[in-house]
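One chain, subunit A, appears in both complexes that follow, with subunit B as partner in the first and subunit C in the second.
And then the complex of A and B:
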C-alpha cells in the first residue's frame, strides 16, 4: 500500500513539473492565438466579439494574467509558455524590446500617423526608431470637479486661481483641491508644466534640472493645503465623499465617482502662470504587442487578428466601455465619440500631455522620484538638496541596471 | 547484497521523493541564485547572459555603505524589540488563557488566532488605512478628539517604527501565543502544587518553573520568528515605502534597503549577488545564535 502511495506521489510530482507547458498548435488545422491581458471584462468582451468572425481558422483566447509583466520576463522567449500577444500599456516596451521579447508591430500592420493614429499614441509605441505596439486607446489624467461645490465661475483657468480657491475653501474638513501629490505619475503634470521632466524620452533623469526644481518648490505650496496622505484610496475617497471640491484623476475613476452620486465636471488643466504652459500629465497608451518567439511561425494569423482589431468600430466600442480615448483619428468624426465630454477632454489634454517614457530606466525612476516628492512635500527637505541627491541616486541605479 | 546494504538503499528510496522536493524547493533556488550572481543577467542581457565571475560581488559591496549599516542597525533593533515584546506579551496572554477555571477559554483563543487567519497584506493595509490614516484612521480621530491636533503617525521615523512594531505584533502574536499555550499545557501541574506547598508565589513559580520548562518547547519557534523578523519586508515596506503611498518616514531594514538600491534595477546578476551576501549574513547569524543556545543548554 505504501509503495503504491509513494508511486502515486512520484507521478503527481512529475505531472506537476511538466504541467506548466502550453500545448503547441500543429502546423495544419485551427490556430490558437493567446492574448495575455490585465483589463476589465467589458473591454475584453468587445475584443472577443470582434475576433469571432475569424473562427474556426483562428481561435483567439484572451487570458487574464495577474503579475503579467513579470511572467513575460520569465517565459517571454519560451514558445511553449509564452502567449502570442499581450495587451498592456506602452511603458514596458523599452524593457521588453531590450530583452528581445517583443517584435516590431510594423512587421504585421502599419501603425503610423499616416495610417490614421493619433500622434501621441505613435510616439508612445515607438522605441529606438521602431514601433512595437498597435494602440487601441489612450488615457490621461483629467481635472475633475464637484459641481455642487465648484461653480462655473470658480473653475480655475490658472494654477494661481486654483491656489486662491484652495486657500478660501480648505477648512472645516473640506479641501479645495486634492491629488496624489507625492506620487510621480500625478506630480509629473506639474513638472512638465514648468518644462521639466522626471525622465526624458531618451532615458535621462531630470530630477535636479532647474525647471524641475522650480516646479517642485511651486507645487509644495499647494501640498500644504492637501492631506498628508498621497495614496490613491485617501485622495479618491475624499472626492467621492464630497469632502474635496476638485481633483486630478484618471478616467478609470469616473464610474466610481458617478456611482457615489457626485455631479462631476471635467475642465481643462490649469495653466501655470509663470510659464504659460498647462499642467501636462503623462498619457498611457494601451494596445497589443506581439511576442518575438511566435512572430515568424504565426505571422499570418497574428496579422489577421491585428487587422481585425484595428478597425475604427472596435476602437469606438472600446472607448465607450473603457471611458478612454480611441487611438484612431477617424473615430473622432463619429457622433457618439464627439459628444462624449470625457473622451473629448482627454483628446484635448492629449494635445499637451506627455507620453510616459517607455525606456527601461523608467522602472527605477518611480521609486526615486517618489522618494524625492515625499522628501520635499512631507518631510520638509530643502528642494535643491533633495533633488541633487535624488538625481545622484537615479544615475547610480540606472548604471546598476547595466 | 547483504541485509544491511538493502535496508540502507530502502531508506534512501523511501526518502527520495521528499529529498527531491526539498532539493527543488529549497536547495535549487539557492544554487540557482548563486549561479545567476556570477552572470551579467539584466534587462540588456536577458536571455544571452554570460558568466562574469565575481564582478557583481565587487559592485554589491558598494551597496554596503553607510546607509546599509544604518539599515543593519535598524534591522537588529527591529528584531530585538519585536522578539522581546512578542515573548513577553505572548507569555502573559498564554498564562491568562491557562488560568484554572477560566470561562469561554476557547472563544478567547479563537479571537486571538484571528489575525493569523487574515492574509498579512490585507492586515497591514487595513491597519495603515483604518487606524493610522490622517483622514479616516480610528486612532487619528481619537487623538484628534482628545488633543485637538491631527497626528500623522507614519510621517516621522520614531512613530512609524512604533506603528510598524504594533502591526507586526498583531500579525506575529497568534503563533507565539499558540506555541506558549501548548507549552504551558505540557508542564506537569504537580510542580506548581509542590512549589505552592513550599511557599513559592506566582512570580517565583513563573521564573523557576514555567520559564525553564517552556524554553525547550518554544526554542524552535523563537528561532523561526527571529529569522522571519530579521528578513521582514512587507510590514515596513507597505506601511511606509510603497510606491505611490510613501509616508515620509525613512526607516529601512536590510531587505528594504537592498530592494530600493538593487532589486528595482532589474539587474538579476547584481541583485542575486546582494541576496547571496544577505543569505551568508543570515547563516553567520544562525550559527552564532545556535552556539549561544548550545551554551545555554
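And then the complex of A and C:
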C-alpha cells in the first residue's frame, strides 16, 4: 500500500514538475539532472537504481569527475558548465557557500534532526546558519584491534589503560597500538578529547589553546611507543601484517584487514582519564549539494531527485555498499543495520565525534597542523613554543587567504 | 507434538554440533611413520591449486601423546591431497588422496603407505589450535634443546611433561618448534632440562626468534634475524636553487623504522657535479628530500631498497627518482 502511495506521490510530483518547467520557461521534454561525484561504482549503482522510476521525465546522469572540487571552483557559477548537483563530503561547503556556488538544501527538502537525520550529519551540513547538504551517509574513525593479540579483557576503556597496554606489549618488534600520530585528521581525536580544536566551527584556529597544548603534550607519550614514521601505508601495513595489536582507522580499511586474514574487533574510543571525554575523531558526511546556478530553473526536478534519494531504503543500501553509516535515524531500526557491528560502532562514535569543519579556513589548517604535529612528535620541539608558532602561521595564512 | 519432536531433535543434535562446526573448517590428518622419519611434516593441496601451507615441506606434525608413534596435523577442510614427509623433506610418500576427509595414514620405511578414513587412534582427537613457530639459537654448550610452553596465568601446559617438546635442528643453526596459539609463555631448556632460560612471558601468538646465551639470558624478536640485510646505499639529490641545505629523511615501509632520529634528517653534502649526496642504510625504501630547515619537502617517495638513488627535485610537488645518474 505504501508503495502505491509513494508511486502516486511521485506521479503527482512529476506532473507538478512538468507544469513548473513550463512556468520556468525551460525547454520542454525530458529534463536532465547531472550529478558530479567521486564515488565508487557500487555506490552510484544504488543511486542510479533509485532514480530509475523518474524516467522518462527526469534523466539523472551521474558523472565521475576527477579534480571535482577544483572544477566546481572554476565552473560552479557557469550554468552551461556546472552540474545541477554534486555528491561529496561536507567539508567544502563553506568554500562553495562563500563563492555563491551552492544553494541551501532546505530550499528543496527538509534536512533537520526533526526530519529524522542523525544530529552529527545536520551539524556537518550547516554553514552560517543554513543547511547546504542532504546527507546520505557518514563515516567516523574507529578503534580496531586484532583479536588474536588483544583479548576482551585487554580492550582499553581509557587512554591510560591503552598506554599501559602499549608499555606492556610494544616490544620485540611488535606494537601495542599504532596510528597516524602526526596526521591532523587522526590526531584531531586526541585534541577533541581534551576539549581543544584544530579549527573551531566558526573558522578560528585553536592550535595554541591550552586544551590543544595539553592534548599534544599528553599524546606525545603514546607516540614514543609507535614507529617514527606513521604515514597511511605504514600504519595500515603494520596492522594487516600482524605487527600491531590495535589501530585507529576508517571503515574503508576493514575490507583490506579482513582480506589479510585478521580477525578484527571494533571497540569504543578510549576515554581520556583527565577529562572524562572520549577520543573524538572527525566525522565526514557524504551527501548531495545543489548548485545555485540551476536552483531556480530546475527546482522541481531537483526536488524530485532529492525526495527520491532521501528515502531510508536508499540510505540503507548505500550504507551497505559504502561500509558507512546511514544518515537517517530510522535506518537504525532495521535488523540488517542493527546487526552490523561496524555501522553501529560508527553510530555510537557519532555521539561524540566532531564533524570536520566546513569553513574555508580548513584548507590552510591541514598543512600548518601537520607541521605542528611533526615538530612535536618527531622533532622534539617544546609543545607550547611549537603551538604558538603554528597558531601565528595559521592566522597569517588565513589573513592572506581573505 | 511438532514442537516436542523439534525439541527432541535439537537435543539429540547438541553433542554433534561442535564436531560438525569443526569439521566444516578443518580436517585432521594423522600419520604413523617409521622411527627413522624424524620431525614428520605434511604438505597438502587441492585441485584448485590451493596449498595448506606456505612452502615445502609444509608444517611439522604434532606427536599425539595418547597414541605413541602417531603424529597429527589439521588442514583446511577443502584439501584433497597430502604428502607425508620427514628429515627436512628427504623422505616422503607419494600423493595420498584424502578427498576432504579426516585421514589416518600408515607410512612404511620405503615411503609406501596405507590410508584409512576411519579413526585408527585411541581416544579423542586433540582439538584444533592454530600454531606459531618458536625459533631458538642456543649456546653450543646447550645440547638437544627443548621448549616448554604454557598459558599464563591459567597455568595450562602445552606438553605432557618437562622438559617439553624437542626442538628440531636446522641448517642455519636455529632450532624450531611449533606451539599452540593459546601459549603466551615459554622456556627454552637443554641438556635434559638441566639448563634453562627464565620464564619468557607475555608473548604474542606470532613467530618469534629467541637467542640464548651460555648464561641463559634470552633475547627475543618477532622479526626474522635471518632475513637478508641490505648494504648501505648512496642517495643523490639535485634540488631547486632556493632549496638551501637539503636533508634526507628516510624510513622503511611498512614497519616505519626511521634511518635518522629526528626530522628533518641528515644533511646531504654538495658535490662538484651539482648533485648532493649522503650515505643511507640499504634497507630504506621511502625517502623525502627537504630543505630550508625542513620547511620545504617532496612528497613521500617510495623507492627500491638496496639501490643507489638519484632524486631530481623540480619543486615540492614534482620529483623524479632514478637508479642511474640521469643524463645532463
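Keep in mind that, in the parts below, the second predicted complex is superposed on the first by the 376 of 402 C-alpha atoms of A that agree within 3 Å, B and C clash if a C-alpha of one lies under 4 Å from a C-alpha of the other, contacts with A are read in each partner's own complex, and residues count from 1 in each chain.
Convention: contacts are C-beta pairs under 8 Å (C-beta built on N, C-alpha and C of every residue); 3 or more make two chains touch, one makes a residue touch a chain.
Everything numeric in this text was worked out from a predicted model, so none of it was measured.
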Partners on subunit A (subunit B, subunit C) - clash or fit: clash
Touching partner for A:367 - first (subunit B), second (subunit C), both, neither: first
Which of subunit B and subunit C A:77 touches, first, second, both or neither: first
Contacts of A:402 with subunit B and subunit C, given as first, second, both or neither: first
Contacts of A:237 with subunit B and subunit C, given as first, second, both or neither: both
Contacts of A:174 with subunit B and subunit C, given as first, second, both or neither: second
Partner chain in contact with A:149 - subunit B first, subunit C second, else both or neither: second
First (subunit B), second (subunit C), both or neither touched by A:378: both
Contacts of A:100 with subunit B and subunit C, given as first, second, both or neither: first
When both partners are placed on the shared chain, which of subunit B and subunit C touches more of subunit A: B
Touching both subunit B and subunit C, residues of subunit A: 227-231, 233-234, 237-238, 374-375, 378-379
Residues of subunit A touching subunit B in the complex: 6, 9-10, 13, 73, 77, 95, 98-101, 180, 182-183, 185, 227-234, 237-238, 360, 363-364, 366-367, 370-371, 373-375, 378-379, 397, 400-402
Subunit C contact footprint on subunit A (complex, rising order): 148-149, 168-169, 171-174, 178, 226-231, 233-238, 241-243, 245, 374-375, 378-380
Complex contacts: residues of subunit C adjacent to subunit A: 181, 202, 204-206, 208, 220-223, 251, 253-258, 262-264, 286, 294, 300
Parts of subunit B lying in touch with subunit A, wherever the complex brings them together: 14, 17, 20-21, 42-44, 46-48, 59, 129, 133-136, 150, 152, 155, 242-248, 250, 260-262, 264-267, 270
